[in-house]
Amino acid sequence: MNLLVLIGAPLLTALAVLVARNKQQVKWISLAGSFLQLGLAIALLLAFRQERAANNTAQMLFEQQYKLFQSLHISFHFGVDGISVAMILLTSFVVVAGVLVSWNVEKMTKEFYFLLLLLGLGAYGFFISLDLFILFFFLEISVIPKYLLIGIWGSGKKEYSANKLALMLMGGSALILVGMLGLYFTAGNSFDIMTLSKATITPETQHILFPLLFVGFGVFTALFPLHTWVPDGHSSAPTAGSMFLAGISMKLGGYGCLRVATYLLPEGAKEYATIIIVLSAIAILYGAFATMMQKDLKYINAYSSVSHVGFSLLGIGMLTQTAITGALMQMVSHGVMTALFFAVIGMIYDRTHTRMVADMGGLMKQMPFISTVFFIVGLCSLGLPGLSGFVAEMTVFVGSWQNADAFHRVATLAAAMSIVVTAVYILRAIGRTVMGPNTNEAHLVLKDANWNEKLAAILLVAGILAIGIAPGWLNDLLRPAAEVIMNRITGQ
Amino acid sequence: MMEPGLYHILFISTALFFTGVLGFLTRRNLITMLMSIELILNSVNLNFIAFNKYIWPGRMDGLFFTLFIIAIAAAEAAVAIAIIINLYRSSQSIDVNNAEDLKY
Amino acid sequence: MMNGSTILFYLLAALTVSCGVLSISTRHIFRAAIYLLFSLIGVAGLYFWLAYEFIAAVQIVVYVGGIVVLIIFSIFLTQQAGEKLPRQRLDRKIWATLATFCGFALTLLQVWQHEFPPVIPQAPVTVRGIGEKMMSTEAGGYALPFEIISMLLLAAMVGCIVIALRSKPETK
Amino acid sequence: MPNATNIALIPLLPLAGFILLGLFGRKYIKNGAGLIGTALLLGSALLALYTAYDYFFVYGKVDGVYQQFVPLKITWLAFSKELSIDMGLVIDPISVMMLLVVTFVSLMVHIYSLGYMKGEERFPTYYAFLGLFTFSMLGLVLASNIFQMYIFWELVGVSSFLLIGFYYDKPSAVAASKKAFIVTRFADLGFLVGILILSYFSGSFDFQTLIARLTSPESNEVKNAVASTFLGASALTWGAALIFIGGAGKSAMFPLHIWLPDAMEGPTPVSALIHAATMVVAGVYLVARLFPVFSVTTPAVLEIIGWVGAVSAIIAAVIACTQTDIKRVLAYSTMSQIGYMMFALGVSSYGGEAGLGYTASMFHLFTHAMFKALLFLGAGAVIHYVHSNEMKDMGGLRKKLPITHFTFLVACLAIAGVPPFAGFFSKEEILLAAYNSNTAIYWIALITSGLTAFYMFRLYFTIFWNKAQGEHSAAANKHGEGGLVMMLPLVLLAVGAAGAGFIPFGEFVSTDGKALESHFHLSFSLAPVALGLAGILAALWMYAKANDKPARLAASLGGLYKAAYHKFYIDELYLFITKKVLFNLVGRPAAWFDRNIVDGLMNLTGNSTVLVSEGIKKFQSGKVQQYAIFFLGAVVLLAVLFIYVWR
C-alpha cells in the first residue's frame, strides 16, 4: 500500500473544500473525504496485518523515500509499524466524527472545514514520517490550525486560550527543534529515524538531548506541570476542535515521546525514567483530584484528560514492554474516548446552551440517545471492562508492576488510586446531568441527537467497544512495535 | 600658525559634521533638522575633496563622489521638503516630536 | 609665515564653522537658513581654496542657489514670520551634546593619531578632465553612476510630485 | 466431559437479551421485552440445570473426588507468554452451584418483574439491565482467570449501579447508585492491587496455575513472596488481604457495607436479585474460589476474614432491629447473613473434616439465596400493594395478601433457623464449624442468630398482624396481590426455602472435592433453636398487637438504640471523610493549586514576556531624535570598544 495516499486524501479533500461553492458542498465533500480517509486507514490496517501474517518482519512496512534536501540529508521517508497504524486508525475515526459533529457550524464554514482537514493531514503525515525533519514539519502543520480554530470559532475567553495554547505548543516545538538538531549533529548528520536508531549516541549527549525532546513532546501530551493549556484550550475550542485537540493532538506528543525521545535516546530514557514516573503519577492523581472540583463539563473532561494521558506517560516511564504497550493502548483508547466525550458535551451544549453541571438535570428523559452515549463514555473513562479504558489502564498497571522495587510499586499504587477518584467525578457529572430530576423548565422541550451526531457517536462507540471487547487485535498491533523499542532500551 | 593642510581641513569637516549632528539631535523643527543634514553632507563632501586633493591627487574619485552627493542631496532635499510640507498640511505642525504616529 | 593663502584659509574656516554653529543654535528659523547659506558659501570657498573650482561652482549653484532657496520657501510656507523656534527638552539636549562631543573628540583623536602619506603635488584637474571622465564608459569611467544618478533624480522628482499632490478627500 | 458450548450459552443468552433489548427495546419491542428476557433466561436456567445434573451425577466425580474442568479458554489479552487474561469457563462444584443459584433466582426475578414492573416507562431497559447483570454474574461465577473475574466483577458493579439508579429522576436513587458504585470501586482497587501482587509472585492470572503455585510452600514462588515483606507482613499476605478487601466491598462487610442499605432505592426485584441473592455473595464466592491460597499460605488473612464476618454479622443484626424501612431491615439482614458466610470461611481450613466451614458457607449461600430472594420478593408484593416502604404504613395484611403472607412466613422461619426449614441446616453447620475452631466467633454467631429471629419476626408481625385490617390507605387497594406472575416465583422460592436444607450439601461441595459427611447433633442444635424461638416469642410479645412496648424498650435502651437507629454513625463518618477531607482538603486545594500556582507560573512566563516587551517598547518611541541619539551613542561606544578595548 502506498502511504502517500494517506497524505493525498486529506490534502485533496482540503483543496476540494476550498473550491466548493456553498456550505452544503463543503460539508458533503468533507464528509466524503473523511470517510475515504477512514476507509484508507482500515485498508492500511488490513494490509499491515496481511503483511505481518505473511511473515514480513521488517520493522517498518511500506517504506518509501524521496530525497528532499540532499545536502542536509532530509528526505521524505515514510513507513509504518504497528504503532503508526493504530494511531492512523485513531486519527481517521476522530476526523470522521469531528466532521460529523461540526455539521451545524455556520460561521465561515469553508474555512472551518479546511482547517479541520488540515489538522488531520498534519496528524497523518506525522504518524507516517520516519524523518525527523518531516515529522516536525507535520507537527507544526497540526499546531497552527488549532490556534485559528480556537481563536475564531471558540467560545469564552477564546483569544487568551488560543494564545496560551499556541504559545505553549510552540515552546514545545522549539525544544523539539533544538533536540532534533542536537541529534542531527551528534549522530552523523541525519534526520532519519531508522539511521539514528542505529547510531551510537554517547550517554552524555543523551543526557542533554532527552529532556529537550521529551519535554518538547511532553507539552503536547500535557506533561505535568506543562499541562495548563489543556483546560483552557479545550474549554474554549469548538466541539470538533476539542475533539481533535484531545483525540489527536495530545497523541502526537505521546507518540513523539516514545518514537523520538525514548526510542532514539534509550540511555536518556533510563536516566530520566524516575522523573517521568514521578511527574506522570502526580499528573494522574492530581489531575483526578482537580477534576473533582470542576463545574464545567469541558473542564471536567480536560482535567480528566490530564489524568488519563498521565497513564501513557507513566507507561513510557516504566520501561517495560507491557507498560509501553499499555501506554500506546491508552493513547488510542483515550483518543477515541475523549473525542466522544467532547462530542457529547458539544451536543449537550448545543441544546442546553450551558456546560455547567449544576444547571442541568435529568437529560435522560429528553435525550435518551445522547445520555446513553454520555453514560458509555463516562463508564469508559472510569475504566469499565468491556470498554477501551479498562484494557489500556490494566495493561499499564500490569506492565508497571513488573518493576519490582518499592518506588515503582508506590507510583503504580498512586496511579491505581486515581480510578476511584475518576469514578467519583464521572459519577458526579453523570448523576447531575443525565440523571436526577429535571432542574430547568427550558430543557423539557429539547430534542435528541440528529442523524449526523448519532453517526459520529456510533462510530466512536464502536471504536471504544472494538478495543474494549476484543483488545487482541490492538495488542497484536502494538506489542511487537513496543518490543522493538524495548530491545533498543535493553540494548539487545 | 602653520601651513594649512589635510589635518586642518579634516578638523573643519569634523567640526561641521558634529555641528550638524548636534543640530539634528537638538532641533525640533523638521526644516532645521533638514538644514543640519545639509551641514553633515557638506562636511562629508569636504572630506572627500580633501582626501582627493592630498592623498590621491592623480585621481578623481573623491571629486566624483562629491558631485554625486551634491546631486543626491538636491534630490533628498526636494523629497524631504515635499514630505515636510505634506506633513504640515495634514497635521499643521512640523515639530518632530509630534510626528510619531507610526510608532509600534 | 603668514601668507595670503593661509589667512584666507583661516577666514574661510572660521566663516564655515561659526556660521554652521550659529545656524544650529539660533532660535530664529529664517536666520538659521541664512547662517546655513553662509556656511555653505564658506565650504564653497574652501573648495576654491583647494583649487577645485568646478566643485565650488556646483556647490554654489546647487546648494546656495537651489537647496537653501528651497528651504527658505518651505519656511515661508510652514512658519509664521518672527516666531521663535520651540525649545528642546533639556535631558535630550544634554544627552545629545554628550554624545556629540564624545564622537567629536574620538574622531579628532583618531584623525590626529593617524599618519597620512606625504602629499605629492600634482596639476589641478580641469573641467574638461571631469567631463571626459564622467562620460567615459571605460574602466574607471563614471557613465554608469551618472546615468543612475539621473534616474534617481527623475524618481525623486516624480516622488515629490506624488507626495505633494493633494490627495482627494475620501468622503463620499 | 463438560460441553463447552452449552456452558458458554448460559451467560451468553442473557447477554443476547441485553444487546437485543438495549438496542431495539425502546422503539421496537416495548411490551414484549419482558417475555423475551424471561424466555432467554429460562433457556439459560435449563442449561444450568442440565449442566449441574451432568456434572454432579455424570462426569464430575473421578475416584470419589469432584474434579475441576476448564472446558474453554480463549486468550483475551496476552501480556507475555505466561501472563495473559483469558476468557474461560471453569466447572467445579461451587461454580456449578452458583450457576444454579444465579439462573434460578434471576429467572424468578424475571418472571416476578413481569408483573411488578408492568407499565414502567423504561420496561425494556429494565430487562436489558437485568440481562446484563445476569450475564456478568454468570461470567464472574464461571471465571477461570482472576482477571476475568475482576472484569466481570466490575461489570456486575456497573449493572448494579444502573439498576439501583433505575429510577434516575429520584435524587435519592441517583445518590444511592453513586454511593454503591464508588464504595465498591474503592474496594475493587484493593482487589486489583491484590491481583497484581499475587500474579506477580505466581506469574499467572490463571486460577489453577495461581493456586497451584501459591499453595505449595516449597515452591520458588511462595519463597519469593514470603521473602519480600512490607510493614512486617509478607507480600503474599498483603495480596490476599487486599483481595479480601475487594470481596468485602462487594459483599458489604463492615466497614464497607454502607452502600447496601441505600442500594434499596432500586426496584425491589432488583434488590432481591442483586443485593440479596447473587451479587453480594460474590465476595464470599471470591474467597471460596481462592480458598486454598487463603487457608494454606495466608492463614492470618483467613482469621481476619473470620472476624470481619462475625463483626459484620452482629452489627448488622443489631441495626436491623431498629430500622423501620422494610427493605432496609432486609438489607441489614442480608449483610448479617453474608457475615455468617464469611466467618464460616474464616473458621474453616483446607481439607477433610476441618473444611466444614467452607461447605457450610456455600450451603448457607445456597439456602440464603432462596429465602432472602423470597423475602425481598414478598416485601416487593407488600410494597406494591401499600405503595410505601415504611413499616408504620403496614399492618394486618395477612388477609389481603394470603399467598405473600404464607411464603413470607416460610422465609422468616427459614432465616430464623427453625427446623426443618433450609436456614436451620446451613446455619447449624456454620455454628458447628465455628464451635470447632473459634469459640468467640461461635458466641457472636449464636447471639446473632437469636437477634435474627427477633428482627425477622418483628418485621413479619408488623406487616401482617399488628394493626387491624383496612387501616392503611384505601387508595392502595386497587390491584390485588399481583397475579400469577408475581405469585409463582414466591411459591417456587418458598418451596426452595423450605426444602433446600435436605440436600446433602457436603456430598457435593467441600474444600477438596471429597464428600463430607454432615454430622447432626441434637444436643448441639438445642441452643440456637431455643434462642431462635426466644427471639420469635419476643417479637410476638412486642409486635403482634399495636402497643407501646417497642417504644418503651427503645427508650430504656437509650443511647444504644439511637446509635443503632443511626447505623452507628458510619455513614456520617464516611460523609465526613469524603465531603470534608477528600473534597475540601484534597480536591479543592488541587484545583486551586492548578489554577493559581501551576497555571500562574505559565501566565507569569507570558506576563513577564509582555512586561519586558512593554519596557522595550519605550525605546520605539517614534521620536526620531531619540533614535538618533541612541544610534550615535552606540556608534561611539562601539567605536571606543573596537578601537581601545578589543584591539
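Quick notes on this structure:
In order of appearance the chains are A, B, C and D, and numbering begins at 1 in each one.
Methods note: a contact is a pair of C-beta atoms (placed from the backbone, for glycine too) under 8 Å apart; a residue touches a chain by one contact, two chains touch by 3 or more.
These numbers come from a predicted model, not from an experiment.
On a Cα centroid basis, the chain most remote from subunit B in this structure is D. Set side by side, the interfaces A-D and B-D show unequal numbers of C-beta pairs in contact, with more at A-D. Between the Cα centres of subunit A and subunit D there is a gap of 36 Å.
Centre-to-centre, using mean CA coordinates, subunit A is 64 Å away from subunit B.
Averaged C-alpha coordinates put the centre of subunit B at 96 Å from the centre of subunit D. For the pair subunit A and subunit C, the distance between C-alpha centroids works out to 69 Å.
The multi-chain contact residues of subunit C, meaning those touching 2 or more other chains, are 92, 96, 99-100, 103. Contact of a single residue of subunit D with at least two other chains is seen at positions 625, 629, 632. Among the residues of subunit B, those touching two or more other chains are numbered 21, 25-26. If you draw each protein chain as a dot and join the dots that touch, the picture is not a line, a loop, a star, or fully joined; it has some other shape.
Applying the touch definition to all chain combinations yields A-D, B-C, B-D, C-D.
Residues of subunit B touching subunit C in their complex: 1-12, 14-23, 25-29, 31-32, 34-36, 38-39, 42, 45-46, 49-50, 53-55, 57-58, 60, 63-64, 66-68, 70-79, 81-86, 88-89, 94-95. On subunit D, the positions that touch subunit A within their shared complex are 26, 75-80, 83, 85, 147, 150-152, 154-155, 158, 165, 168-171, 174-175, 177-178, 181-182, 185-186, 189, 192-193, 196-197, 199-200, 228, 578, 582-583, 586-588, 590-591, 593-594, 598-599, 601-602, 606.
Note for the complex: subunit B touches subunit D at residues 21, 24-26, 96-97, 99-104.
Of all the residues in subunit D, the ones that touch subunit C in their complex are 625-626, 629, 632-633, 635-636, 639-640, 643. Touching subunit D in their complex are the following residues of subunit A: 163-164, 167-168, 224-229, 231-232, 286, 289-290, 292-294, 303, 321-322, 362, 364-365, 368, 379, 382-386, 390-391, 394-395, 397-399, 401-402, 404, 412-413, 416-417, 419-420, 423-424, 427-428, 431, 434-438, 470-472, 475, 479.
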